Structures are given as structure tokens and as C-alpha cells.
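Note that chain A is present in both complexes that follow, paired respectively with chain B and with chain C.
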Partner chain A sequence: MKPRLVKSQREMEGRFEDVWVLVDEDDEVESWPEDAELDVVGKPATRLDGPVRTSGAAHYTVDVALPGMLHALILRAHVARARLTGLDVEAARATPGVRAVLGPGDATAMGGDPVLTDEPGWAGAPIAAVAADTPDAAAAGLAALAPAYETLAPLEVDGGLEEQRFTEEPRETVRGDPDAGLAAADARIELTCETPAHVQSPLEPHAAVARWDGDSLTAWVSTQGMFDARRELARRFGLLTEQVRVISEFIGGGFGAKQGAGVEALLAAELARATGRPVRLALGRHEEQVVGGRRAWTRQTVTLGARSDGTLTGIELAAVVAMGAGGWIFPVAEPALSIYACPNVRTMVFPVRTSLRAQNAFRAPGVVEGVTVLEQAIDELAGALGMDPLELRRANHVDRDQGSGLPYSSKRLLACYDRASELAGWAARDALREPQADGLLRGMGCASQIWWGGGGPPAHATVRLDSEARALVTTGIQDIGTGTLTSARIVAAEELGLPLAHVVARGGDTAPNLYGPVAGGSMTTPAVMPAVRSAAGKVRRILLSLAADVLEIAAADLTISDGRIRSRDGALDVDVVEVTGKLGNATIDGTGARGPNPDGFRVNTFGCQIAQVAVDPGTGVVAVERVVAVHDVGRIVNPLAASSQAEGGVIQGIGYALSEELVVDPTTGMPVNGHLDDYKVPTIADMPEILVDFPNVADPNLPNLGAKGLGEPPIVPTAAAIANAFAHATGRRAAALPLTPARVLEVLA
Partner chain B sequence: MTTYVRPASLEEALELLAGDGAAPLGGGTDLAGQVDRGISAPATLVDLRDAGLATVEPDGDGVRIGAAATLAELAESAVIEPYAAVGAAASLAASPLLRNVGTVGGNICQHTRCWYYRGQEWHCWLGGGETCYAQIGDHRKHGLEPGDCISAHPSDLAPALAACGATVEVRSTTGARELALLDLYRRPTADDRSLLVLEPGELVAAVRLPTPPDASAYQRLGERAAFSFPLVSVAAARHGDETTLVAAGVANVPRKLDPSDPLAGLPGNPQSTWKRRALVTLVERALAAVSSES
Partner chain C sequence: MPISLHVNGEHHNVDVAPTRRLLAVLREDLALTGAKHGCGEGACGACAVLLDGRPVASCLLPVGAAEGRTVTTIEGLGEQAAALQEAFVAEDALQCGFCTPGQIVSASALLAAVERPDRDRIRTALAGNVCRCGAYPKIERAILRASGQELA
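Right after this comes the complex of A and B.
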């Protein structure tokens, strides 16, 4: 064992940064050979936490109830932009049951930025917070604050370009000579389309419960990043890392919206410190829909030029992004820069400041928006060229990342096109446009998917095997509902040669101090599972060495699988407990760390979806009848969880395409549909048949497992495929999504 | 502070409803939302489930539907079969869970879904304020009829019942009166913003359907395949050569349409003219469904 610190590159949703990584040479486990027969990996497994989640027994952060716990509420302005001219903090403090009131300036985030403001600049900005014995008393305290405002006009996206009202400098990326490329084209199309503000709408809202024990803080946080939450809380309150424990055992969805401690944990901890009592702060549904976050609204214009054989000669993208109050500019230009081979590309992204909260991550942020418009433009180009849309995509296939010039570590997009085409019956798609007995207009459309999802260090795990041959895997995973803890069990069981039922995996708690990355960027599987396999590999080697002692056979002559130790010559076949039973109260422990990604490659995921829709031209109703989703994410660890992920992505993509849209009132700047009755998430009755498949071939260049992430890829192409199917069915293209009856009737008029 | 009471008879319920701030409670699926958003603040919730109002039964040549019958009970009731529009409306409203608790009385008396009226950030004209924010804001889902308020009527049942000629039995401690269902509704005025003609203490106790029509049908357009209020809906009922059309989603109230000119009086606003096209389609389909020629 020889630990070293090496410099490596870490990628998160397209952002690359150099990090120091602790590498242990023992961690360099060889990948399974492509023809290896695996017992557990690649076999469908139900998740261990399924019964508790479905029966309601699981305790989410919103369910935490501690003795003496106070209930906190946040005061938010009823207009998006205002100056506070009055706030009766004393009246709130005097309200029966109220234990603490924080006003503007009373609470800060870790960097010292104020959390509460007297100049709210976006819809729902927090102004004050109240903690009280009961929720009703907190509401009475909130009412007693009686805020008065000088109201300011909200900032709309219209006018943002003219006023140069940007959250940061617009970004231009140029490759080659796009003007010359477009000028040389035989065919050229331009398409402008708006994409909607899309709200994550997790079932469990943002929530935190904080409890101080002396100088130590325990925080239950509904977050995708419990280690980020720990760091933020430690910095904010001047604590050592070990003085802060963050627990995120069950998370009711995040989809990108729940990063770090959040305002909720910061305020809960502040109020708990002020009162000496545990404090619970959970957003209400209306708050969640207004301030929880969203995928930003965009207006994108794509210009494409191609030679008559379909070869792209130039791509230009101009994207206006309604950022809200700020936030990171998500990679909306990435699809134009990378999906297809094209030497001449110009992308411009204009981040306009508006009066909603800063945009935040939502499942494949930026790339969903970019693909949704670019892939419609590709179909328009296919129409202009008289080419089959899938053929045009194949004709522009590329096997390297054109920005860096590096080859992809693996890419099976062409196989995805073939398989999706076969499953969808693509060859017969034009028959759908024949007059239909039910009077509906039918069509089929496709779209390509690109995303990252290679993961990387750091990620750590331990495996502990006891005398009864039961293994405990401990990780830094926060399982936001995707089943990643089950994947950790699968990988450990495979490596240990134990039945899956003999392995449990834990996460959701920073106390073991085993780091795992944020559950985002499709990185949990590719980052954590290699660390799990590595830890299990060490336990396996120790176990075999002990077996050699007990059975008096050289370790190299022994194998373990399905809980049995066998000699290679077949003479010996014993239960693994024959060996572990000798341990008594001792255990076999192994630690594992994720090694760096290989130099000289870009790691991405790819895929293709094909949608079939039926449009009622009389009412404007678009029904999705089938979606085929084929994604190349390397090796599939758990096919059941993988198909669930793909279905979930498609479902969310259907909402984005057909019904979900945050609507903002122009007078006040407040969303008018920040409630689930008016913000239409799809229901099961809206769901089509969803056919999912994967090439399921390990990426030979990824360490130890060859598995990439799947959280984000399946949502990327869904809306584009549906929009293309709509255009195929109707011959028209909507200038904006979602395709609500109102828009469809206007387009078809 | 809200008091909850569960009277054991209609008479007892009417006594309680005569008190200040009393509100009838059926399934609570609309009332709970109103309380949550500060639209209503009842002092007393009078739970009607034991008040004997939950029956759906033959009534001469027609049917009497107790106000506390749930939408699911109505949809499953055999006596409603001759009124196809009513059965369809009852089974297409809301979602299975809501239909299991939401009541007929609550459904026809529910408040509009206008997002400005429902939103706590606005104090709109209908809610007693001065401005119809929908007319200066986003009215893509609002009504087509001009007025001080352009909110749209949201009930699926009301147009279906009205097309079939329904009346309502209104009760209070001082007596009973029977009105045509359409007369239960009113367009709000500057000095009275209410959308129902009910006086304080009055309760819709039952809906009566007369002799069944020769044919009836209900057509609706929602925002998704289930669990959506109707954006526009049309009920048609034909007696011999005469067809009655009633629409929801186009005016403050369930509104009769002239079969020969269904768009009359419904010009719409810039963002809602699409509803005119949807309305024409639904009228055509409803008329076709009740046509004697099919």
C-alpha cells in the first residue's frame, strides 16, 4: 500500500477543474474482461429501500421530529422587486410562542453574504425568518412582521439584450470560420425556438432540521450534497469539520435543485443557535415551486449550413437565457459545439438578468435546452436537404471532442441509432402520416443525446466483512431516489463473491467521513462504484489469504463466488463461513478510493430517443404514444434501476415538451402558477409506452468498472424528439415549447 | 381558530350553517385550498357527511342527487346512465383520489381557478380589489366573455347537469327554494363580487334532473390526460329536435351557447382566442354525439 497525491482533472456538468487526488496503488483494480461472466453485476435487482419508501416508513428530512423542536418560516415579499420600508421585528418577537426572529443582516452564508435582504430583487427572496413553538405560532409571528415595501418594476427578459442587462459577460465561442462555412453551404436553415422555465418540483421540498449539542452541530438536510453542506455549515459557524454532522438518509428528489446546505440549513442552524432548541425549516409547496429553482427559459436561434450530401459546413447559435438573479451559465452551447462533426461553429450565449431567483441546476442543465432547439434545427435541415433525419445525424457522426481534440473514451452512438430505429419502426414512419381512422395526426421524430457522466475522484468507500460473511459497504452516497446504494451492494457482492442478500450499503451520513461527490452530474455511479469495488477487492484478497491458511491451499488456487470458496481444480467447495467463522468478533476491512480518469480522453455519454405522437388538430392536444430510449452509458450495473432512470428522464422530458412551464405575471414579477394545481407535471395517464435499451458495453478507458452515469442522459433528447415528431405529424413547428393546446391551436391555425 | 362540527341531520346542519362564518364541508377538496391560500377563513366547518345528503336516487321520471354524494358515487350510479353527459363529466373531473372525496355540491359551487384570484400575491377585483390582473397580465386560460372579471368557470359537472335541465334545491333554516342550475350562478358586479346567488346560511342540498334527454354528451379539453380542470368544456343534450349546449371555461359562469352561433358574445382576449377554436371543435363533437342521425 503506497498512497500518493496526484494531480487529476475533475469534471462536473461540463466544468473542468484540477484537483489533487489521493491515490493508493492497491486501488488499481483491473476492469473485468469484456467476456467475463458476472454473477451480480448486470442482473436486475430491486432496491433495498423500495419497501420503506413505498410504505411511507422511510424518514425524510421533513419527517424529522425532535423533542423541543421549533418550527421556522421565512418571510418573502409578494412582489419580485422592492425596497423594504417597514418591518416590525419587535411585534413578531412579542408574538406568543415565537422564540427567535431574524431580519435583514442577521444571517449570513459561509462567505459572509447576507441570507436575508431588505432589497428583494427576485420573486420570493427571503427577508426575515421566525422560529416558534408551533407552525401556527410561526405563522402568527410572520404576520406580525407586517412588512411595507416600495415596489419596483420587475425585470423581464424582453429588453434585456437592448439594455445589456446581463448577469455576466455574454460568452462567445468560435471554431473555424462559421461565416465562410455557412456561405459555402448548399442548404441553409434558421430556426428560432423558446424553451420554458421548468421547475424541478421535487416531492420533498427543500428542508432542514438543525440541532446543536454544545459546539457540535447536527443537521438533517434534504440535499444532494451532504459534504458540501457540511463544509458550508462548518465555515459559516467557524467549526471543525468533525463538529458538523450532516444526515441525508432519504431525499425526496432533487433533480439538481438541492445543492449544499441551502438557505434552509443555514437559517435553521442560526435559529437553533439563537434559541438553544432544535429548529425545523421546510419550504411549503408554493415556496418550493417559486424559490426551489428552475431550468431557465431560453430563446435560441440556430443557423445550420450543409453540403447536399448532408455534411455540416457551419453552425451558429445565439441563445438568450433568462438567468434570474444570476447563477452559473449552464452549457446551453455544448450540443452545438460537440454533437456533430463541424469545423465551423459560433455560439453566443446572452445571460439576461430577470427578477426570478438565480437559475440553478435541473437534470442535464443547459444541455437539455441546447439539444431541444439544435435537434429541431437538424430536422429542419434534413427537410431542406430531403434527407432522412437519422441519416443526416449518422452522416455527421464524430468520434472525438472537437473542442479539446481528444478522442472519446468510448462512443456507441451509431449503435444507439440503429437499435432505436429498429425498436421504433423508424423505417415505416412515413406511413404514420397517412389519414388516420381516429382523425389524429401522427408522426415520429428522433433526437441525439450528449452529456458527460464519467465521474472522477475523489470518492471513497469501506467494506467490512464479519464472521457470518455479511458485508457492510459504507459510502458517501446520498441516494436521491436513483438506487445508487443498491448499485454499491451489487458491485461489492460481485467482487466479494457473496450473494447480494448478504451485502448492505450505507450512505446519507457524513459521520463516517467517507467522502462521496454530490449526487449530480451523473457522477455517483462512475465515481463511487470503482471505490466500492476497490475496497471489496482488498477484502476479497484478505479473505482468500485467510482461506489459504484455513484450507491449506495456495490463495491463487482459490475462487469465491455466490458465497462459496472453491479450488480451481474443483476438489474443494466450501461455504465462505468455513473461513469467516474463524474470525470471531474480528472483521476483515478494506478501504477504496476512486482513481483518476485516464489522460488523453474525454468521457461522455451518448444516446438516441425516438418519439411517436398523435395530435388532435381540433383541440390542440398532443399525446405521446411511444418513446424509445437507447443510451450508451458503458456498463450497466443494475438493469432494473437503469431502465427506471431512463423512464424517469423520459417522463420529465415529456413534461418539458408538453405541459410544464413556469408563468410569470408581468405586473408583479411573481409566478402565477407556483402551485401544483396550475403547474402541470405529467401524470401516469399521460405516459406512453417507454422502451428502453442500452448497448451495455463497458468503457475500456474508465477505471475498474467501465460504467458511466445515467441520471441525466435520458432527459436530454426527449423534448426534441417530441417536437420533431410533432413537426413530422403536422408539417408545422411551434416557435415555443411546451406544446400546450393553446400553442398547438395557434400553430395550426 | 376554526371549529369543526359534524351534524347528524340536515336540519341540524342548516342551524349550524346559519351561524356567522360557517361553511359547509363536503370532501374539502376546494375548501382546503381556499383556506390554505387565505381566500376563505371559516369560523365553523360544518361537515355534511352524516346529514343524509349522499344519495343518488330516482325521483319521478328524473333523478335526485344529494349534494354530499361524491363524484365517484355519481359516476358509478346506475340511475345516472340515461344522462350520459353527467356520467362522463363526473368520471372525467379531477383524479380518482379527488373524485372519491369531492362532492357534487362542492363541485358545482367551487370557486374559479383564476391564478390571480387564487394567488396570495394579488388582491384582485373578484377578491374585492380594484384590478383584474388577468386582463393586464397572463390570461391564456381565462374566459372569453368581456367583463370586469375574466375568470372562467371551472366545474365539469355544472355544464353537463345544466344541459340536462338540472335544478338545484336550496335549503336554509328559513325554508327551501328551487332554481334552475344556471340561475345558481351570477356574474360578479361592482357591489357584489360573488359568483353564486346563495344567501348566507343557504345550502345547495340536492340537484334534480328531469326526464332524461334523448341523447347527451360531454366534451372537455384539459391540460393533461387526467387531474386537470377543464380549459374548455361543452355539454350537449338533445330533446327531440331541440339541443341545449352549455360550456364551462369560457365565462364567469357555466354559459349557454347558441348551437347556430356558439361563439356569439365570446370574443376572447389576445392570449385566449385559441379557446374559440377549441370551443368550436368541442361543440361540433358534442353535437355530433347527440345527433339523431348517427
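Right after this comes the complex of A and C.
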């Protein structure tokens, strides 16, 4: 082992940062040759935790019940901006069953910025928290607080530009000479479109349970980032990281909304510390919909210019983003900057402060919004040029990242166009526009996808093989439903040469102190799986060396697959237990760490979706009839789980296109549809036929596995493809999404 | 006055207000956490249980209304759901799994009423069970598979 610390670059949702990475040359493994016949990788596998999830036995954070546990609730501002003028903390404390009440300004053991406020600046800001013996007692304590406010006018997005009311400086990015590029164009179009505030709406709300044992804290947190939660809790409470254990074994959805400890874990820990009792704090549904997070509303204007052969000469984007109280500016301009070849581009992003919570991540944040408008503009340009929309996209294909000038490590977008076109019957699309027997207007539209998803260090794993030839893979994965723990089993089984049934993978617990990245940014597969393979590779090498001792043959002459050790000459063929059985109580252990990505490339994912819609001109109802989704994410580890990810992304994209929209009352600044009966997520009855395919070719420049992430790509182009299909069907384009019946009737009128 | 409940073949006397929701009693008093509190508003189906064999939103049902009737939760479905549970795993008809118990409760009520439901029937019966991860295509396949029907 020769460990070194090297400087490398880490990418998360398009943000790059320099990090030190622990590198061990023993972690390096050969990439599998392109024609290698793999036994486990690339074969469909069901999830190991399927039975526990289908039987109702899986314990999510909201199901954790500890002896003596208290129930906590948060008092939240029911106006968007206000000053608190009254709060009856004493009445709440006197409520039967109430054990602790925290108000703004109360002394706590928690360092850092206060989480409770007496000047709420956004809808649902936390004011106070109550812990009580029962949920009912906590609710009674909350009611006793009887807050009084002096209310202030909410901040709307309208007027934000004029008032220069920004959460940070607007961002302008310029490449080449966009004015000259647009002036030189043979055809030029401009399109303005609004995209809706889109709420993640995980079915398990944000939740945490905290328990202190002396100076040590155990927190069950429904989070995508248990290591971030651990660091945050340790810092806030002045603890060493080894004094904090975060358990996130089963997480009922996140989609970007559940980052770090969250206010829930911080308050649960503080209330548990104050009372000496375990505390559970789970958001209610209305709370989740109002404060859990959202993809920000945008208004984008795209101007495109092209020569008559379709070559883009200029792109301009102006995007207004309703940020809420702050948050990262997600890469809404990235599609305009990178998805097509264009020497002259200007993008401007205006992050307007409004009176909702800070926007947070929702599956491919920024890029979904950007693609949704840019790809509609590309179709408008195709119309102006009289070109086929897919041909226009092919004509502007680019094989390098134009911002950095670096080539993409691999890009099979043209193959995605071809395959999607074939699956969707693109060539016959105009026949859909002929009068239909059912009176519906039909059309077909396409859109391109770009996202990152290359992963990177740090990520660690161990593999332990016992005498019965059963392997345990330990990782820092939080499997939020993507099936990444199953992927870890697959990769380990392949490398170890064991049947999948002999390998178990664990995650969801910081106690082993094996770091894994946040379950976001399409990072888990490309970051963690190489570490798993490296760890398994070390175990395999040790096992072969022990086999050489037992079988009295050189290790180099032996292979392992499907649980059998064989000599290359075919003379020996024994069960692996013949060797491991000699271990007794000893185990073979291997550790693996994710190495850096190679210099000189940008690692991205690409794809194409084609949607077919049927519009009822009488009712305004848009039905999606079919979506074809073809995405290049390198090697596919588990085709079964991969198709599930793709289908799930498409279905969330359908919601974004057709029905999901958080509506805010301009007089109060409060959302008016913070429930699941009025914030409409898709149901099984809304489901189209979804055809999924992948080129499934390993990225030759991404070491170890050649696999990229798939969590985000499938949601990126769906809404744009649907909007383009709607325009193809009706000849009209809506100035705003989603395409609700009311909006469609207005557009068709 | 205690309320007498028949849950999963067992008899329980619970001393709670009759207006307390059945879901809260199941989860907090009987430690049956398979039914989930997804919305508390009858809008998501994660809390589905069978009441005399019919699926209901237990988050809305006052426990007093369940007195003297048969309540079956995901934990008590037994053989009735075994084929569904197997099919859900085989078809990967779940992602985060939080809605899955409710999906299987609704699906088992469907299969008890209709031996071989077609796609439209499945969509109607399951339309009240939200899956935010979007496992719907595979939920449909799993129900077809569990009822012994051909899969495309």
C-alpha cells in the first residue's frame, strides 16, 4: 500500500471544487474490456431489500419509536413576512404533557446561526418548537403559543428586476460575440416561457429522531446526506464526529429536498438534550409541501439565430429565477452554454428574492428549467427554418465542452437520437396531425438531455469475505430508492467471482465511518461503485493467493467465477469454500477508495426523449400517450433498476409539464395548494407507455467501471419534449407551463 | 371506554378517543407501522388498510368507526398478498418503498374482487395510491404478474 494525497477536482451538479484525495495505487483496477463477458454486471437484479420494503417491515425515520420518546412539532409563520409581536411560551410550557418549548432567542446548546426566528422572511419560517409526551399534547402546546404578528407585504417576483432585489449579483456569461452572431443569422426566433415552482413532495416528509447517550448523539434522519448531517450535528453541538451517529437506512424519497441534518434533526437533538428524552420530529404534509423545498419558478427568454442550414450563430438567454429567501443559483444557463455547438452565447440569470423558502435542489436542478425553455426555442427555430427538429439538433452536435474547451470523456447523443427516433416512429410523426377519429389533436416532440454524472472522490468501501464464502460490502451509501446498494452487491459479486446471492451490501449508517457522497448529483454509482470494485479486487487477489497455497498452484494460473476456483488449464475446478473454509473465524478484508477522474476531459451524460401527446380541444386535457427515453450514461450496472430510474424521472417530468405548480397567494405570500389533493402529482392513471433504452457502452475514459449516474438525466428533457409535442399537435405554444386544462383552453382560444 | 378492534386476526382493546384516527392507533398504539402517514388527508393512499376487506384511508377513519369490524394491515395480509409481494420485488415495482404497503393493500383488494384485472381496471383501482418515485409502469406489471397474466 502506497497512500498519497493528491489534488483533484470534484464536481457536484456542475460546480467544480478542488479537493485533496487519498490515493492508493493498490485501488487501481483494470477496466473490463469492452467485449468482456460479465457474469453479474449488466444483468437484471432485484433489490435485496425488496421483501422488507414490500412487507411493511422496513423502518423509515417516521417509524422509529424509542422508549420514552417525545413528539415534537414546529410552529411556523403562517404569513410570508412579519415581525413577531407576541408568543406565549409560558402557556405552551404549562400545557399538560409538554416537556420543552423553544422560542426565538432562547439559549440552546446549539452553535451556529439560529434556526428559530422572530422576523420570519418566508412562508413557513420556523418560530418555535414544542416537545411533548404525545403528538396531541405537542399540538396543544403549539396552539397555546398563540403567536401575534405585525405583517409585512410579501415579496413577489414581479418588480424584483426593477427593484434590483436579488439574493446575489446577477450572473452574466458571454462567449464570442452574441450580438454579431444573432445579427448574422438567416433565421432568428425569440421565445419567452415561464416554468412552474415544482415541489419535490417525497411521500415520507422530512423527519428526524434524536437520542443522547451521555455526550454521544444518535440521530435517525430522513436525509440524502448522512455524512453532511453528521458533520452539521457535530459542529452545532461541539462534538467530535465519532460522538455522532446518523442512521438513514430507509428514506421515503428525497429528490434533492433532503440535505444534511435539516432543521428537523437540529431541533430534535436540541429538544432531546433539553429533556433527556429521545425526540421525534416529523413534518406534516402541508408543512412538507410549503417548506420542504421546490424547483424555483422561472421566466426565461431565449433568442436563437441560425444560418439557413441550421447552424447556430447566436444564443441569448435571460432567466429570472424566483429564488425565495436565497439558496444556490442552479445552472439554468448550462443548456444554453453547452448543449449545442455555438460560438456566440450570452446568458444572464437574475436571482430575484421572494417570500418563499430558499430554493433547493430538485432532481437536475437548473438544467431541467433551462432545457425546458431552450428546447422549445430550438423547435421554434426548426419551424422558422423549415427543418426537422431532430435534424436541427444533429446539425448542431458538439463533442467538447465549449466552456472549458475540454473534450467529453464519451458522448453517444447521436446514437440516442437515432434509437429514440426509431422507437418512437419519428419518421411518421406528421401523420399524427391528420384528423383523428376520436377528435383529439395529436403530435410528437423531442428534446435533448445534458447533465453531469461522472462522480468522483472521495468515496470508500470495504469488502469482508468469510469462511463460508459470503461477502459483506460496507459502504456510505444512502439508498433513497434508486437501488444503489443492489448495484454495490452486483459490482462486488462480479469482481469477487461469487454468485450475487452470496453478497450483501450495507449502507445508511455513519457508524462504520466509510464515507459516501450525498445521494444526489447522479453521483452514487460513479463515485461509490469504483471504490466497491477496488475493495473487492483486493479481496479477490488475497483469495487467489490463499488458493494458490491450498491448491499448490501459482495464483496467476487461477480464476474465480460463479463461486468456483478454476485453473486456466482446466485441470482444477473447486468450490471457493474449499479455500475459504480453511479461514475458520478469520476473514479476508479489503478496502477501496475512489480515485480521481482523469484530467483533460469533462464527464457528462446525454440523452434524447420523444413524447407523443393527445390534446382534447374541448376540455383542454393533455394526455401523454408515449414517452421514449434513451440516455447515454456509460455502462449500465443493473438494467432493471436503471429502467426504474428512467421511468420515474419521466413521470416526474410529466407532472412538471402538465399538472404540478405551487401557486402563491400574492396578498399573503403563502402557497394556496400545499396539499396532495390540490398540488397534483401524476398517478398511475396518468401513466403513458414509457419505452426506455440505453446505449450501454462503458465510458472508456472513466476508469474502473465506465459507469455514470442516472438519477437525474431522465427528468431533464421530458417537459420540453411534451411541450414540443403539444406545439406540434396544436400549432400553439403556451407562454407558461404546466399545460393545465385551463391554460390549454386559453392557448387554443 | 375502550374500543374493541379486530386487527390482523387479533383482538385488541384500546383506550383512546373514538375520534382518533385508525392510522394513529395502528401506528402509535399497536406498533403496526406498515401503513404510512403520507398526507393525513386521504390524498395519497400510503395509509391504506382493509376494512372488512375493502381498502380505506386509515388516516381519515375515526377508530370508533372500525369497532366491531375487521381491520387488515399490510402486516396481516399473509397469503393474500404473498404473490403480490413477490411480484413487486421481481418487477422492481418499488423505489423508496414508502408507498409500497399501501399499493399492495389496494392491489390485494383489487385481486380479491377481480381475478384477472385488465390494465384499465388496475389503473382505476390504484389511482388513489401515489408513488412519487414513479414506479407505476412496474406496479402495473407486478399486478398483472401476480394475477397470472401475460406480460408484454
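Before moving on, here are some points about what is shown:
Heads up, the rule we're going with is that the second predicted complex is superposed on the first by the 743 of 749 C-alpha atoms of A that agree within 3 Å, B and C clash if a C-alpha of one lies under 4 Å from a C-alpha of the other, contacts with A are read in each partner's own complex, and residues count from 1 in each chain.
In the analysis below, contacts are C-beta pairs under 8 Å (C-beta built on N, C-alpha and C of every residue); 3 or more make two chains touch, one makes a residue touch a chain.
Since this is a predicted model, take the numbers as computed values, not measurements.
Of the two partner chains placed around the shared chain by superposition, chain B is the only one that A:665 touches, whereas chain C remains out of contact.
Once chain A of one complex is fitted onto chain A of the other, the partner contacts of A:619 are limited to chain B, with no touch recorded for chain C. After overlaying the two complexes on the shared chain, residue contacts for A:161 are found with neither chain B nor chain C.
In the superposition on chain A, contact of A:652 is made with chain C only, not with chain B. Once chain A of one complex is fitted onto chain A of the other, the partner contacts of A:91 are absent, as it touches neither chain B nor chain C. Residue contacts after overlaying the shared chain place A:697 against neither chain B nor chain C.
Here chain B and chain C are compared by how many residues of chain A each touches, and C touches more. Using the contact criterion defined above for the overlaid structures, shared-chain residue A:482 touches chain C, although it does not reach chain B. When the two complexes are overlaid on their common chain A, residue A:78 makes contact with chain B while staying clear of chain C.
When the two structures are aligned on the shared chain, A:54 is found in touch with chain C, with no touch to chain B. Residue overlap on chain A between its contacts with chain B in one complex and with chain C in the other: 675, 677, 682-685.
Interface of chain C with chain A (complex): residues 24, 27-28, 31-44, 46, 73-75, 84-85, 88-90, 92, 94-101, 104, 122-124, 126-140.
In the complex of the two chains, the chain A residues touching chain C come out as 46-47, 49-51, 53-60, 62-63, 65, 135, 201-204, 250-253, 255, 282, 284-285, 480-483, 640-641, 643-645, 647-652, 675-677, 681-685, 687, 690.
By the touch criterion given at the top, residues 33, 95, 113, 115-116, 118-122, 133, 136-138, 140-141, 221, 223-229, 231, 271, 274-275, 277-278, 281-282, 284-285 of chain B touch chain A in their complex.
Residues 78-79, 286, 618-621, 623, 658-659, 663-668, 670, 672-675, 677-678, 680, 682-686, 740-742, 745-746, 749 of chain A are the ones touching chain B in the complex.
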